[in-house]
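Per-chain numbering from 1; labels A, B, C and D assigned in written order.
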Amino acid sequence: MSSRASPSAEARDIVALEGVTKRFPGIVANDAIDLSIRPGEVHVLLGENGAGKSTLIGMLSGLQQPDEGRILVDGRPVPITSPRHALALGIGTVFQHMMLVPTLTVAENLALGGPWWQRPRTGELEAHVAEITRSLGISVKLQARVAELSLGEQQQVEILRALLRNSRLLILDESTSMLTPKGIDELGALMRRLVEKGLAIVFITHKLKEAVAFGDRISVLKLGRKVGEIPPERFRSLGEEEIIAEIVALMFGRQNDESDTKERPVGATRTGIAPSLQVTDLTVAATDNEPGLSSISFDIRPGEILGIAGIDGNGQKQLAEALAGQRVAAGGSIRLEGTDVAALSVGERRRRGLRYLTDDRLGEGTVGTFPVSINFFLKQVGQAPLWRGGLERRGEIDKRAADLVREYDVRTPSLRTPIARLSGGNIQKVLLARELAEGAKVVIFNKPTYGLDLANTLASRQRIRDTAARGLAVLLISTDLEELLSMCDRIAVIADGALVGTVDNVDDARTKVGRLMIGLAA
Amino acid sequence: GEVKSIAILTPEEGTDYGWNQQGIDAAKAAGEAAGVEVVVAQGLGYGDVRPTLRELASDGASLLIAHASGYNTAAPEIAKEMNVPVAIVDTPNGLEKGLVADYTLSGHEGAYLAGRLAAKMSRSKTVGVVVSGEPPSWNSQSGAFAQGVKAENPDVKIIYAVIGPAAYSDAAGGKRVTESVIASGADIIFGQGNGSSFGMLQAVETTKAADGGKVYFIDVIGDKSPIDKGFLLSSVVWNIEPVYAAMIADIKNDTFGTKHYAIGLKDNSVELLKTPAIPDDVWSQIEALREDIVSGKIKVEPVYDATAVRALMTSVAQ
Amino acid sequence: MNGLFSEVFLSALLFGAVTAAVPLLLAGLGEQMSEKAGVLNIGIEGMMLAGAYLGFVGAFYSESLWLGFLTGAAGGAAVAALMALLCVRLGLNQIVIGIALTLGLEGLTALLHHFQFSRSYPRLPAADPTVIPLLADIPVIGPAFFRHHLLVYLAVLLVVVMSYLYRRTQLGLNLQAAGDKPAALDVAGIDVIRTRTIAVLTTGALAGLGGAYLANVGAGLFIPFITNGAGFLGIVLAMLARGRPVWVLFGALLFGACLSLTTAMQVAGINIPTDVIQMLPFLAVMIMLVLFGRQASLPAALGIPYERGAR
Amino acid sequence: MSIDGASTASATALDATSAAANRRDVLHRLLMTLGPIVVALVIAGCILLAVGVDPLAYYGYVLERGLLSMLGIQQTLTRMAPLLFLAAGLIVAFRAGMWNLGGDGQFLLGAVTSAASAPVLVEIMPVWLAWICAFVIATVVAAAWSLVPALLRAYHGVNEIVTTLMMTFLGTSLANVLVKLIFRDPGTTVPQTRTLPVEERLPRLFDTTVTSGLLLGIAAIVIVHLVMTRTAFGLKLRIVGANPRAAVHAGLSVPGLTIAVFAISAGLVGLAGAVDVVGVQGNVRADWNPAYGLAVIPAVFLARMNGFAAIGFVFLLSVLSIGGESAARRMGVPNHFTLVLIAIVLIVLAIAEYVDHRYNQSRKA
């Protein structure tokens, strides 16, 4: 797409981008992008992590200004100077990262933005909300504090807020990442209804199936450039498989989606061997805004992958943290190779081989301002050979970090780069390297591929499979059923802080797990 | 010894109608009289003055007057280090020939007279003592004031109040506390405090006594008549010039550091200020009392300790 | 001795407590607003000093107390404007700038006072009290609480107004969002920088007003360093109050009461060093914290400058 | 985008050029410090002009008396000793993300306890041992004083800004009570502790009046810098400071480290008081409070918590305070002007850092 023949924006465009370029220190996030967004269309934006999708959205919603190029609204060039301006232009956005105030209630969050002297108009709001939630098939607790909601519920609130604004252009940046399959379908149907009413929608996702199912037009970004577009005419003429093949070719330059459904040879685990991890009656008290765990029991043998399925916010995080020692258990035992570790500290559990790969990469997984090299070893600070007598051995640390960078293919400008500057996928590789370091016996993976692009997702899954193949016991927590089905030996379903059933991953597992997840017997 | 220039160091600016100003004015006057240059280092605070002392000494000052009790550790040390005479306050046993002289000044005799005056003039038979801290030199005046009141009329109540441990510049505190003391019946306030004494003065000016009449203020050390609005009854004024003049003379005679310098009623280095608010007959009685003190008929013992001063008050107040 | 504790004296003590509490109340309310919006305003002592000085100058030359309050508030707000420019707009470190402003205004007001008033020490006449009918006639309580300058009642009223603003208006939501998740406020169409700037300016105006009250009514004059750490007390009050204006009021009254207690005990002849009595309010609060110490609920983005689109 | 596969190569390349880059960096930092100071002097000079004082003469005295004259530089270096310890203590706390704003209380308690103990100790043991004991006492007392905020923060999550501020009000009063009621020298009329004789204070360096506390202070801040940047312990503290949740996740004992940070920080600040008393002051008077913390806190921030940079800023502060006092006297300006000067310098330095940061960013983009 090097030709910059600026197509004079067609009259039909609500918003058009002409040669928009955005640079950040050391990087061109958007490189001469042309894009037209039309009423009555769902315009899907696809691209790897870091391709520049969110940056583009940032400029449309007034968070950022293009360095070059221009944005046309209704055919006229308009610099979108602030989010307020964007809202006034009728551009409503659901951002990739939560944009709700955790200490305010849902209603207050929805009311945010009115004239300052007014009382928040909650009455008016309620009717309006009821109307929209009905058509969307969701329910929101208006009086609940946002901090008390699960991420999925928060995402619903954000979508609701964007709809409340009566925008002409609705932007959804990875808004399906936290929704249930049913929620996703309902959102898809709603988008359809909205575009039929004449709205324009920009929809960003990493799931190609959603893109094909909901989109009218697809644009693909790669390394900040627009590398291709499938217009509606062509979209309609192709079948799902063909479209996916085309997208994959555009995104990865590869012909086919390296099949991810490669079945794991079940039965590779040696059933005779004693379990590496035995959890009995693990209980965690509920807090004001988080569910607890009630009497969770399971065990995992060496070489086995046990999946935990369930809708987000049902105790997955509590389970992982209780196992890792970051959360106090009210009762029960956790046996690691026979010895109870329930009373041990986080560090001690790790030393004995219990590893936890968190789903919160920036929040707790890394120290964003510290260099990549140090972040590899955050959980080994003070240990030989990287530290001797408490003194840091820079050479040793850099050498080992360089090895890991090579081994795990971490793409970083240098070992000294602050890790927050890496893309999410590369941060994830650092975390993987850290948890799989020598001595691991049991590894808990919490949503290991959340937010990762296809290539990174596949690579991470392969790592996890390899881990199990090396004889480690793996607990894989995920909200993505496909992922669990493609990897696990057994899948347990968690609901309301309890395990409601465990299913062997054989032929009809999908149905059984699905039934358990919606509250039916397997 | 030869005296070319003397230097005086004060913790605050010499514009306070009080301790700092009296010191600086006196040093200037003494210097002028003796024909020596006077260097003034003011507003030095209560921190470390060694740098200033050293600098003044190396600039050739023949005498350093460290005019704050907070300076009485540093100054003798620098005297020895740089071999320059220093004068310090509140350290009677610190004398060293040729090097260190002490001038522990106490206006207690004057404060005693002020106490007599207050007791004579109080309509409510209640007087107040308000201080912003309890350094020894103030204690001795508070104590003597109480003794004076008691000697004049044992039935007069004395209310004592400290604004805060080191509330020297707390003008609002000075006003607040003084108002409370006035409310408890006092119609004459004997006030000691640096910046905070302006707050006391303000309270006196703006608060009526229980009987609806004027409340009067008795000040110490300086003379606030230039800024008075008719509420200043008197002041125990210190004149430090003779002390400094004597120091200069002693350096010249090589007798510096061999004697204590004091101020008192005798040579009028402590004086009770006469204001129009004092009726002539009362004033003549006070003059007579002054004579009695000078002649030794009345003895006023200074009390330096805060606890002892408070005890004096309580016993008076009962 | 009991004679000393007459009705008049008791009400004077309580009156004094209220007078001492008012500057703390105003400073605390101001600081609270900044903190709510995510700005840690350490420069409040400097703003109070600016308010005290300019408030006094205004009142002295215009011979109107109200004009003095106005100039005082404006003075505090002017210092706050500098803070807003540096810390909110440019995002400089709030602690560095706050301390620098405090140091600078200590020096500057002392300097100005030196050149202007250090020979004359002008003093204002007594402030006219506004007597609340009926209530003012209650023994002890009446003279203590209902014969103050009008500004005192306004300051108390301000507590109600602030509570209302925080709980019931969009402005309250905006402020809280600016402190807890500024990005969310921004994308809702409200300018975070402007919201925080308004909060900081309000803080400055309130602190300046507190300083002006301290100088004009509390002391009736201006002298260098007159605030004596009141601004820092305001910070403590605001943080302890956890976003509730009423608690600032209670805290300010507690400190005021302790100051009066100091006087009362001395007048009663109780021989405890003033240092010890001065420790009482802090001791009380520390003990409360140790006994009931709960999670501090400070805004998540407190002290962190906001930059749109940064990450 | 990312530099594929070149990570190791670029990492080593980076190391090879880092020495030269470092030198350039130091030069740059120096320029970015001196430039703003000149700007600040010009601004402050305008104020001087406004009150009718010749700024050039004023600054001449500041320079001469604070820096260039033999006497002046000695005073400046002596003033630095306690400030360095204070800065060291603050660096530990700030790097670990904890706002120890209770410096004045800790400083005074350290000062008072060392002042009370040193004169007694020198009578029963060798002088050097007495110093060490006095230092230890001051350190322990100040560290213990920080225990309440530390425990409240570690186990109840109570914000330490407010607790340390309150403890500093309390500590100042307590120090006064101690001087007035318990450690009071019976031989003086003024309430103060017994005085440590000049001969028994920390030795002076060579033939000067510079206290050897200066060397201790430099050693302290350099050690703190190295511990914070080169050791496992320092790294742990920095992790806690940069991201407490990551610290929990990494298995660090956050409460334990929090308490350690407060203890070390307060201990060093208490030591600052002890070094000032045992080295220079000799005793503590009631109501003495030099409030050094107020100027050192911003200096530490401007130094970005780097020990070596902090030495530079502390030096600058000392020059300004020693030279400023002298200049004010000679030019007939009230001493308060020094405060204004320091404030302007701090603000302009902060702005310069911002401008520098912006410039770097736009150049990289």
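Everything below uses one rule, namely that contacts are C-beta pairs under 8 Å (C-beta built on N, C-alpha and C of every residue); 3 or more make two chains touch, one makes a residue touch a chain.
Quantities reported herein were computed from a predicted structural model and do not represent experimental measurements.
Among the remaining chains, those touching subunit A and also subunit C are D. Mean C-alpha positions place subunit A and subunit B at a centre distance of 76 Å.
Centre-to-centre separation of subunit B and subunit C, using mean CA positions: 35 Å.
Distance between subunit A and subunit D, defined via averaged C-alpha coordinates, is recorded as 45 Å. Note: centroid distance subunit C to subunit D, computed from Cα atoms, is 29 Å.
For subunit B, residues that reach two or more other chains under the stated contact definition are 13, 165. Residue positions of subunit A in touch with at least two other chains are not found. Touching two or more other chains at once are residues 114, 224, 273, 275, 278 of subunit C. By the definition of touch given earlier, these chain pairs are in contact: A-C, A-D, B-C, B-D, C-D.
Residues 40, 86, 90-93, 95-97, 99-108, 110-111, 114-115, 224, 229, 232, 235-236, 239-240, 273, 275-276, 278-279, 282-283, 285-286, 289-290, 293-296, 298 of subunit C are the ones touching subunit D in the complex. Residue ranges on subunit C touching subunit A, taken from their complex, read 168-171, 173-174, 176-177, 180-181, 183-191, 300, 308-309, 311.
In the complex of the two chains, the subunit B residues touching subunit D come out as 13, 39-48, 50-52, 54-55, 58, 69-70, 72-74, 77, 80-81, 90-93, 104, 133, 135-136, 165-166, 304.
Interface of subunit D with subunit C (complex): residues 51, 99, 148, 152, 155-159, 161-163, 165-167, 169-170, 173-174, 176-177, 180-181, 294-295, 297-298, 301-302, 333-334, 336-344, 346-347, 350-351, 353-354. Across the complex, subunit B is touched by residues 65, 71-72, 75, 78-79, 173, 176, 187-190, 192, 195, 198, 209, 280-283, 285-288, 290, 322, 325-326, 328-329, 334-336 of subunit D.
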